[in-house]
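Once you scroll down, you'll see the structures, which are given as C-alpha cells.
Shared chain: chain A. Partners: chain B in the first complex, chain C in the second.
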Partner chain A sequence: MYTNKNITLNIGVTLVSILFFMMIVSLFWTPYPPNELHTSDRLVSPNGQYWFGTDNFGRDILSRIMEASQTAFLIGISTLAIAFTGGLIIGGTSGYFGGVVDEILMRIIDALLAIPGLLLAIMLITIFHTGLWNTVLAIGVMGIPTFARVIRSGFLQIKNNDYVTASRLKGASHLWLIRQHILPNVMTPIIVVSTLYFSSAILAESALSFLGLGVQEPDASWGRMINEARPYLATAPWYILISGGFIIMLVLGFNLIGDGLRHHNESKR
Partner chain B sequence: MKKMIKLFTVSMLIGTTVAYFGTTTHAQDEADTVEISMTIGNDIDSLDPFLAQATLTDSVIYNIFEGLLDAETDGSLVPHLAHDYEISDDALTYTFFLEEGVTFHDGSDFTAEDVVYTYSKLAGLDGEDALSDKWEVVESVEATDDYTVEVTLSNPDSGFLARTIRAIVPADYDDHATNPVGTGPYTFVEHSIDQRVTLEKFDDYFQGNDFDVDVVNFDVMPDEETALLAFQAGEVDFITAVSDQNLSRVPEDANVVSGPLNMVMMLAMNHEVEPLDSVEVRQAMNMVVDKQEVIDVAIDGNGDALHTFMSPAMDFYFNEELVDYYTVDVETAQSLMAEAGYEDGFSIEMKVPNNAQLYIDAAQVLQAQLALINIDLTLDVIEFSTWLEDVYNEREFESTIIGFTGKLDPYDVMIRMETGYAYNFMNVDIEGYNEALEAAISAPSPEESATLYKEAQELLTENAAAVFLMDPARNSVMRSGISGFEMYPYERYVVKDLVVE
Partner chain C sequence: MKFITRKLLSFIATLIIISMLIFFIFNILPGNPALSILGLDADPSEVARLEASLGLDQPLPNRYVDWVTGIFTGDFGESYRYRAPVLDIILERIPLSMFIGIYSLVLTLIIGIPLGIIIARTDGKWYSLVMNILTQLGISTPSFWIGFLLIFIFAVMLGWFPTYGFTHWTESILGALRSLFLPSFAIAITNIAVVIRYLRNSILDEYKKEYIKLARMKGLTVREITYRHVLRNSIMPVLTIIGLITADTMVGTIIIENVFALPGLGTLLVSSIEYRDFPLIQTLVMIVAIIIIVVNLLVDVLYRVVDPRVKL
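This part shows the complex of A and B:
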C-alpha cells in the first residue's frame, strides 16, 4: 500500500520538476525570442528547426511554451501567497478566538463561497481591468475561502490541546502560541491544500486567458495559446495539442503530489 | 475524486474547441419549394429599417425593403422603385418618377404618399427630430401627383442620390419592428432572437416572382467553427463569411465568392496626444509598417493594401496615385523620428477591440514592426462595447486599430476625419481638409466631385492622418448548385439573385 502511494507522489514530483527545470532554463535561454515573428514560416508543423512548430504569426511554439511556463509558475506562486495570507488571517483569527468573531468571519466566508470562483474572478477583472497582476489578484481572492476553512478547522482542533492550554497558563502571548504550537501542527493539511490549489490556480488562469481576460498579448500564456490555436484546430492541430498538453502536465503533476502527500500522511497515522 | 474533477475540467477546456452541432433542422427541399439556410454572424438588431444600425442587419432586411434607387455591384446607382429621375440645374431639386403597380406586402399600393411619409420622417419634416442627420439637408418633399415626388435640398449635396437606396415604408405604418412591411421580393415570416430570421417569397413582387428561392432562413451562428461544421453536415447551404484560414476546409465542390469588403482598416491615432501630434512621427510610422506583411499574417494575404482613407473597391472616387506613397524605409523613418525629437523612440498604448481576431492579429504584427524604430506599442485588448465608449465616444486613447465599413457615398466615409465632426474621434485636424470635403459635396457633377474627393484623400495621406492598412476580402461559401451570388461594395445578401439547381 505504502509504496503504491509513493509512486503517485514520485510521478507528480517528476512532472513538476521537468516543467520547473524548463521554466528555469527559459529565464536564460529560449530557442528563439518568444515574440519574434517569422512571417515566412507561419503554421509550420514540428520539425528540426522548430521542434514544436510555429503559430499563425510564425512564432516558435517551443519558445512560447517555455516563456509561458514562467507565467504559469508566477501565477501559481503569487496567487498561493495571496490565498494563503488571506486565509491565514481570516481562518486563523476565526479559529483561534472563536465566538462572535468566528461567527461573523465565517458568514463572510460563506458568502464568498456562494459565489462561483470564476465568476468572482471575472467580476474583479471587469472592475480592475485585465492584466497579469489583476489576474493574480482575482485568482488569489478566489482561493481565500478554501484556505480560511482549512486553517480555521486546524486551529479549532489544536488550540484545545493540553500543551496549548499549558503554555497559555504560563502566560504565553497569542502570537507566540500561534507561531510555536498551532501553525506547525496545521502545516500538513495546508501543504496538501496548497498543491491542489496551485493546479486550480493555473487552470483558472488558463480559463481566464482563454476567455481573453487573463494575461495580455504578446506575453505568452498556455490558456491564451489554446485560444489562439482554436481557429487552426483543423489545419495546425499540433498547436492546440501542445499548449493543452502542457497545462495537463502541470495540473496533473500538482494533483498527483497533493494526492500522494495526503495518502502519505494518512498512512503515517 | 478531486483529481478526477480537475482532469474533467482540463478536458472541458479543450472540449470547448470542438464546437457542437446546432439543434436546428434543415427542411429538405421539397418538389416545389426551395428552402435554403444562410448563416449570419450576429443576430439582426431590429427589423425596423429606421432603427437598424448594424450593416449586417441592413444586408438581411433589404430583402424586405427597397429604395427609390438601387446600387449595382460596382456601386453605381440604378433606378428601382423610381423608374426615372431628374435633377434641376442648380442641383437643388430632384424629381422622382415612380413605378406604377407596385404593392406593399400588406396589399396596399405604393404611391408618392409613401415616399413623402418616409422622407419626411428621415429628414424630420414631420415635426419630430430627423432620424438621420444626413437627411437634414432635405428642405421639402412633395407629391406633385400620385406617382411623382419632388425633393428640394437646402444646398447642393452630391451624396444625396446614394441615400435614396433607403427603404421606403408604407405611409402611417410604424410597426416594422414586429411586422415589417416593405415592397421587396421577400416577406417577413418569423424572427427567433439569436436563432434565425425566416423570409418567404413575395408572390406579388412588382418585377415578377420568377426567382428560385422560396424560403430563406438566416441562421445566427456567431462561431465560425459551428457554421463550418453545420455546412459540412449539410445543415446550412450558405456561409456568409468564412475567414481565409478556413477556406481550405470547405468541401472542394462548394462555390466560393470573394471580394473586397470596401472596408478601411487602419492604425488610428489620437492627434491630440503627444508624439502622435507630430506629423513627422506619423509619417515615420507609415514608413516602418509593412502592410503586405500585416495582410499576409492577419488575413492570409487575402486583401488589398490601403494608402488612403478609401478602398480601391470605390473605383470611381479612389485616388490611385497615392498607392505606395509610403514605402518601407526604416532609415528615413528613423531620421524623421530624430527630426521630431524622438530618436530614442517612445511608448504608446493601443486599444484593440476584441470583436474580430483580425484586429488582435494585425496589432501584434504592428507591434513587432514599430519596434524597429523603438516605438514600444503595448496592446490593451478590450470589449467592443468598451471600445465604443472609451475610444469612439470619450476619445480616451493613444492609438487603436479599427476598420470602417464601406458606404456608397464617399462623404460618409471621409467625414470621419473632418475637423469638428462629432465622431472624428481621432481628433484629426488637417488644414484645408474640411474645405476640400465641402467642395466635393457641392460639386455640380459626379466627375468634379470625384476629383475633389481625390484631393481630400491626398491631404490625408500626405499628413499621415493614420496608418491606413488594408481592405480585407470577404469570402462567402455556398454549396454546389447555388450560384448567382454577387458581392457589393457594402455587405448585402440579395437572395432573389440566387440560382438554385
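This part shows the complex of A and C:
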C-alpha cells in the first residue's frame, strides 16, 4: 500500500540523498576552488557563471555550499557516534543492572535534560573553546541524555524476557547477552531517535556557527556562511537565503525520514 | 497532598543535581580563568593574586557551597569581565529577554491553538500530507534564518517594522509590541508548528473514540461535538508540551537577540563566552534550568488540578 507516511519517508530520503550526492561530488570537484577569491566579482547575484552568486570576497557561493555540506555530514555522523556510545554506556548500565545504579544515573540524566541542548552545548564550548572538533564534542555530549533514556527503556523491556533469562541461566556473560539479545531488539527505536538527532545536531551546529561559537575559518559551514552574510542582507539577500535553504533541506530531510520511520514502526506493530 | 510533597522533594533533588553539574563542569574541566583574563604569559604572582581575589584558591567543595548559598542570598559572585556583581548585570538585562520570551509564548499559543483546531477539522489524504510536510518545515527551519527572512521582507522590502533597535515599553507599550514583533514571531514559528502537530494528532485521536459515535447518534452536529467535547479533551495534552515549548523559546530568545542586536541575556551570554566569564555564564545556565524545572513542576500540578482523572 502506498500511504502518506511512505510518501513522507520518500521525500525525506530524496532530500538527504541529493545532499549526500552533492557532498560526495564536492570531495572531488567544485565549480571553483571554495576559497578562491575573484576580487573583481564581489557580491555578484546568481548568474550563469556563478549559479548562486559570489560573497563579499568574490568567492563562489555554490562551491562553498558544497564544501560546507561535508561539514554538515561530518558533524551529523560524528556527533551521532558520540551520543550513541555515551548513551549506550549510561543507558545500558542503567537499564541492565537497575536498582541504585539506575536511580542515580537517571537522576543525573533527568537533571541534564532540564538544560536545553543548545545551552548545554554553549556551556561546553565555553570550556573547550570553539572549532570543528570541539563543536562535535559539545553537540555529541548534548545528545547523550536522550540516547541514554531511549536505550535504558529498551533494555528494561527486553531484559526480563524469558529467553534472556534462559540464556543467562546457561551461563552467558552480561556483555554477550547485551550484544546478542538485547541490542538487536532495541535497534528500531534507536534508529528513529538517531535520524531525529541527526537533524537537531545539524541545527545546533548551524546555530553555534552562526553565533560565532562553532566551526571557524577556514572550515566552511552553512551556519557560519549565514553569519558572514548578515551585513549584506539588504544588498545580497541571496547569500543568506541560499545558505539557510541548504540547512533547511538537510534538516527537513532527516526529520521526514524520522517521522516516516516512526509511523512505519507503529503501523507494523 | 502526598503528591505535592513528593513532587517538591524531587524538584529540590533535581535542583541540587543541576547546580552540582553546572558548577563542576565549569570548575573541574581544564582552563584557568585567571590565566585567560590576564593572558598566557602573565606574571605568576599576579595570577595568584587574581585567583585569591576571585576566590579561586579555595578548595572546590567550599566554592560550591559558597556559590549555592550565594544563590539563595542573591549573591551570584562577581563577573570576571565586568568586575561587577553578576546579579546586577543580569537584572539590568533580564526584562527585555523576559518580554521577548513571553511575547513569543503568547504568539505561539494564540496562533498555534486556533490553527491546530482549524487544520484538524479538515482531514484527507493529500491535505494531511501537505500539513505534515509544512509543519515539519516549520520545525526544520532555524529561527535565526527566519529572523533574517522576516527582516528582509518586512523591514528592508516593505519597511513595516524597524530593522534593528526597539522602543522600550516604558515609552510606549504598542511601540514595544510592534518593534519586538519580528524577533518574537521568528522564535514562535517553530513552536507554532510543534503545537499544530501535537494538537492536530490529539484532536484526530479524540474523534476516533466511541463517545463521539454516541454523540453523533444523539443528533449532535460535528461542530457541537468539536466544541463541547473534543476540544476540552484534546487541548489538555497540549499543556504537557508547555515545558518543552518554554525551553525552546528560551533558547530561541538567546539566538534571536543576536540576530536583532537586542541587549538582553542572549547577547550577554554569547559575548561573555569569549571572555570565559564563568560566574556569569554558570548563573545564566542555572537560571534557565530553574525556569524550566519550575515550569515543568507547575504543568504537572496544574494538569492534575484541571484533570483529576490523572494519577501521577
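Following the convention adopted for this analysis, the second predicted complex is superposed on the first by the 267 of 269 C-alpha atoms of A that agree within 3 Å, B and C clash if a C-alpha of one lies under 4 Å from a C-alpha of the other, contacts with A are read in each partner's own complex, and residues count from 1 in each chain.
One rule holds in what follows: contacts are C-beta pairs under 8 Å (C-beta built on N, C-alpha and C of every residue); 3 or more make two chains touch, one makes a residue touch a chain.
This is a predicted model, so every value here is computed, not measured.
A.B. asks: With the two complexes superposed on chain A, say which partner A:N185 touches: chain B (first), chain C (second), both, or neither.
C.D. replies: neither
A.B. asks: Looking at A:Q157 after the superposition, I want to know if it touches chain B, chain C, both of them or none. Which is it: first, second, both, neither?
C.D. replies: Touch partners of A:Q157: none, neither chain B nor chain C.
A.B. asks: Between chain B (first) and chain C (second), which, if any, makes contact with A:L252: first, second, both or neither?
C.D. replies: Both partners.
A.B. asks: Could you tell me if A:N6 is touching chain B, chain C, both of them or neither one (first, second, both, neither)?
C.D. replies: Neither partner.
A.B. asks: Considering only the touch criterion stated at the top, classify A:R42 as touching first (chain B), second (chain C), both, or neither.
C.D. replies: first
A.B. asks: After the superposition on A, what does A:A114 contact: first (chain B), second (chain C), both or neither?
C.D. replies: After superposition on chain A, A:A114 lies in contact with chain C alone.
A.B. asks: Check whether A:L203 is in contact with chain B, with chain C, with both or with neither, and answer first, second, both or neither.
C.D. replies: both
A.B. asks: In the superposed arrangement, which partner chain does A:L124 touch: chain B (first), chain C (second), both, or neither?
C.D. replies: After superposing on A, A:L124 lies in contact with chain C but is clear of chain B.
A.B. asks: Where does A:G212 make contact in the superposed view: on chain B (first), on chain C (second), on both, or on neither?
C.D. replies: The answer is both, since A:G212 touches chain B and chain C.
A.B. asks: Can you list the residues of chain A that touch chain B in one structure and chain C in the other?
C.D. replies: 199, 203, 206-207, 210, 212, 223, 226, 230, 233-234, 240, 244, 247-248, 251-252, 255-256, 259
A.B. asks: Note which residues of chain A are touching chain B in the complex, please.
C.D. replies: 35-37, 39, 42, 56-58, 130, 196, 199-200, 203, 206-207, 210, 212, 216-218, 223, 226, 229-235, 240, 244, 247-248, 251-252, 255-256, 258-259
A.B. asks: Flag every residue of chain C that touches chain A in the complex, lowest number first.
C.D. replies: By the definition above, chain C touches chain A via 13-14, 17-18, 21-22, 25-26, 29-31, 125, 128-129, 132-133, 136-137, 139-142, 144-145, 148-149, 151-152, 156, 247-248, 250-251, 254-255, 258-259, 269-270, 273, 276, 278, 281-282, 285, 288-289, 292-293, 296.
A.B. asks: Can you list the chain B residues touching chain A in their complex?
C.D. replies: For chain B paired with chain A, touching residues are 2-3, 6-7, 9-10, 13-14, 16-18, 224-225, 243, 245-246, 248-249, 293, 296-297, 352, 354, 357, 360-361, 363-365, 367-368, 379-381.
A.B. asks: Note which residues of chain A are touching chain C in the complex, please.
C.D. replies: Interface residues on chain A, with respect to chain C: 4, 7-8, 11, 107-108, 110-112, 114-119, 122-128, 199, 203, 206-207, 210-213, 223, 226, 230, 233-234, 237, 240-241, 244, 247-248, 251-252, 255-256, 259.
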